[in-house]
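One structure coming up, written as structure tokens, with questions to follow.
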């Protein structure tokens, strides 16, 4: 074979097109960069500002009008209590709803489809509307008052749709062949669910619950309306007045004294630390225990 | 119709089963008068929605026999076998008409509890489906949910022995069942069924997902198990039916004017008769490979 | 049941020993759990509608909907909601100017350009953006972005719509990016392969094939982002201001619907007063707006899922 006589022109390309392609790619990378750079700047700024005030005083003292001795102890404790209550409320109700929708509900019935649609809508309702709900029913309606329990209940309702959706996915991921095998051995529906489906879905449910919890603990607006009061100098109790960490941050940020803004930054570090730990736990659980079907 | 001497040679060609083995098997079966009926099916029709997937089936399943359902795909064999342990109940749109009698009692009676049915009638599926638990817990699952928890270790060992799996796993019962090979997993699923001491074993294409060696082991297992259990199997492999089954039922597809397909029972007889002297032309066409 | 010695037909008892009422109880309990979500929706509707109706009995709806002065606590009080709505629009506008192009750009990069390993690294980091609490974003907008804008020469007030809007936009980038990326991944490979086989460049395939094919998902993500922007409270409560101000000028302070609700709701407003009821009237307005957008968004998502799955 002699060397090809035809100039294939494969070595060159239209230069204008190539530059355009590069420019486009650059713009796309820029889009990503905007988010990442902002995130990085935010974190660096907050840590830089607040690090000096991140000390035992912050963690163990109650707030005060004197920024030198002010701390966020009641707020931190309240956030922890809220977290515990949230898990106790949301997981049973959320997983229970998910089991009902996935294993028991006949999907052709209109009320079950309406139920699904309802949950999807609730997941997108602004969080402050949940605050209004709490204000109307719990604080004033039921006369519960501006207490920690009311905050926990409202955050539960806020976060429930997200947990339901995550639990449903985890349950749906369990292959049907497992259920068939268990039924064929004579297990009842609840035995199949409790002994085969749920154990297999636990990693997904746990991950989803922790991520939802993390989101709830960062919420401020509903708690404001529930009455997470401005100035709490004592440790919170479930049926007592309370202030949570995000609310404390909000309060300090709004104060004119700049030192309080620095305190706010320190408190933000604490809050982000808590959330980061939760998220890391969730990811660890997912990677370690997630079954590959 | 095919005459007998030619039929025998033909049979060997099709199935690989030797005439003397065949004659031996035929001889060991109880004569028709002494056969005990486990399932009596009459006028069985199954619909999904309004279209019948299977229509008008009449046959009897005999005790300690291996009965095979064969036929082309889409003829309703799997649908049919699932009627015997009421697994079709799990499909919301499925409607079962006609009657299935189990030891004389109506399986679909108003007061019958499907859980009780499935205690006595076990099922092995096409694709092995071990639970994501240990080998021991897989076999122990049935006894545990049914409250048969006395001497659990012995039950597990006995079931694994009957499934010819004990020697291979006795040292690693706590390991995950998913670490077993495909053939071992299927034998584990069989052991799982046997652990609850059923009466009948239903097998829906039990070896179709397995390699030839595992398939042979499963078939040998069926020969042993039929001493104690009644076995019904669905298979798309004619040769397999000829090798293991005492009675064979051939199903085919009936296409209606609007193109809808319904499964029907064409012929049901002893295996040698189906393969060497079938009464219906459709059966003959199928077993001689002219179609299907 | 079956043993190795079988003598004759066994007695068959297929009835359950006792009725399995435990199963029914469990099903009932689980259905009860599901009813919690129904109760929530009913609760929200009642909580909003009842006081709102009372409010609109006292204040004519046209005054509310078209009035340009929002001063519920003044004498005489004025209940025109437009300043709040305009404030919300002002902030939302800037948020969209950030999240829509950048979110889509990020999505295109992740879907069409990034290698799988890079993608699995970048996606979680992007999700981090969505995980930062909004009060932290508000703090950032007030203490970092506003001074930054000032240093850049813009005459912004201490509270202004621009800083809040920009930060909100960045917060919403993951919302747009993840939903758009889902939609783009659902576009079948064959469509792209066909275009590449004709000699198209990546740029052309992305912009002329993939994006149009995924358009309903992308629009859904935009609608969802707008809905979230409208409903967002903390960023605006901290950085945008608490003075109703009927202007689209981003350099000035504005009050959004959400910031108003937060401000009045946390105070000690007497129950039953008209001022108290404004919370619910504005809340209802907010709820209806976001509900409409969410329904549209869900419909659009269903549309693209149907087409490809």
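Assorted remarks:
Order of writing sets the chain letters: A, B and C. Residues in each chain are counted from 1.
Following the convention adopted for this analysis, contacts are C-beta pairs under 8 Å (C-beta built on N, C-alpha and C of every residue); 3 or more make two chains touch, one makes a residue touch a chain.
Given the structure is predicted, the values throughout are model-derived calculations rather than measurements.
Among the chains present, the centre nearest to the common Cα mean is that of A. Of all chains, the one whose mean C-alpha position sits at the greatest distance from that of chain B is C. The centroid of the Cα atoms in chain A and the matching centroid in chain B are 50 Å apart.
Centres computed as Cα averages put chain B at a distance of 54 Å from chain C. With centres set at the average Cα position, the gap from chain A to chain C is 14 Å. Across the assembly, chain A contributes residues 188 that each touch 2 or more other chains. Contact with two or more other chains is made by residues 115-116, 119 of chain B.
The set of chain C residues that touch two or more partner chains comprises 20. Those residues of chain A that touch chain C in the shared complex are 17, 20-21, 24-25, 27-32, 34-36, 38-39, 41-42, 45-46, 49, 92-94, 96-97, 99-101, 104-105, 115, 117-122, 124-133, 135-137, 140, 157, 160-161, 164, 188-190, 214-215, 218-221, 224-225, 227, 246, 249-250, 253-254, 261, 264-265, 268, 271-272, 275, 279, 283.
Residue ranges on chain B touching chain A, taken from their complex, read 85, 87, 90, 92, 115-116, 118-119, 122-123, 125, 127, 129-132, 141-142, 144-146, 189, 192-193, 196. Put simply, chain A touches chain B in their complex at residues 106, 108, 175, 177-178, 180-188, 191, 195-196, 200, 291. The part of chain C that touches chain A in the complex is made up of residues 20, 22-23, 26-27, 29-34, 36-38, 40-41, 43-44, 46-48, 51, 98, 101-106, 108-110, 113, 122, 124-126, 128-129, 131-140, 142-144, 167, 170, 173-174, 201-203, 206-207, 224, 227-228, 230-234, 237-238, 258, 261-262, 265-266, 271, 279-280, 283, 286-287, 290-291, 294-295, 297-298.
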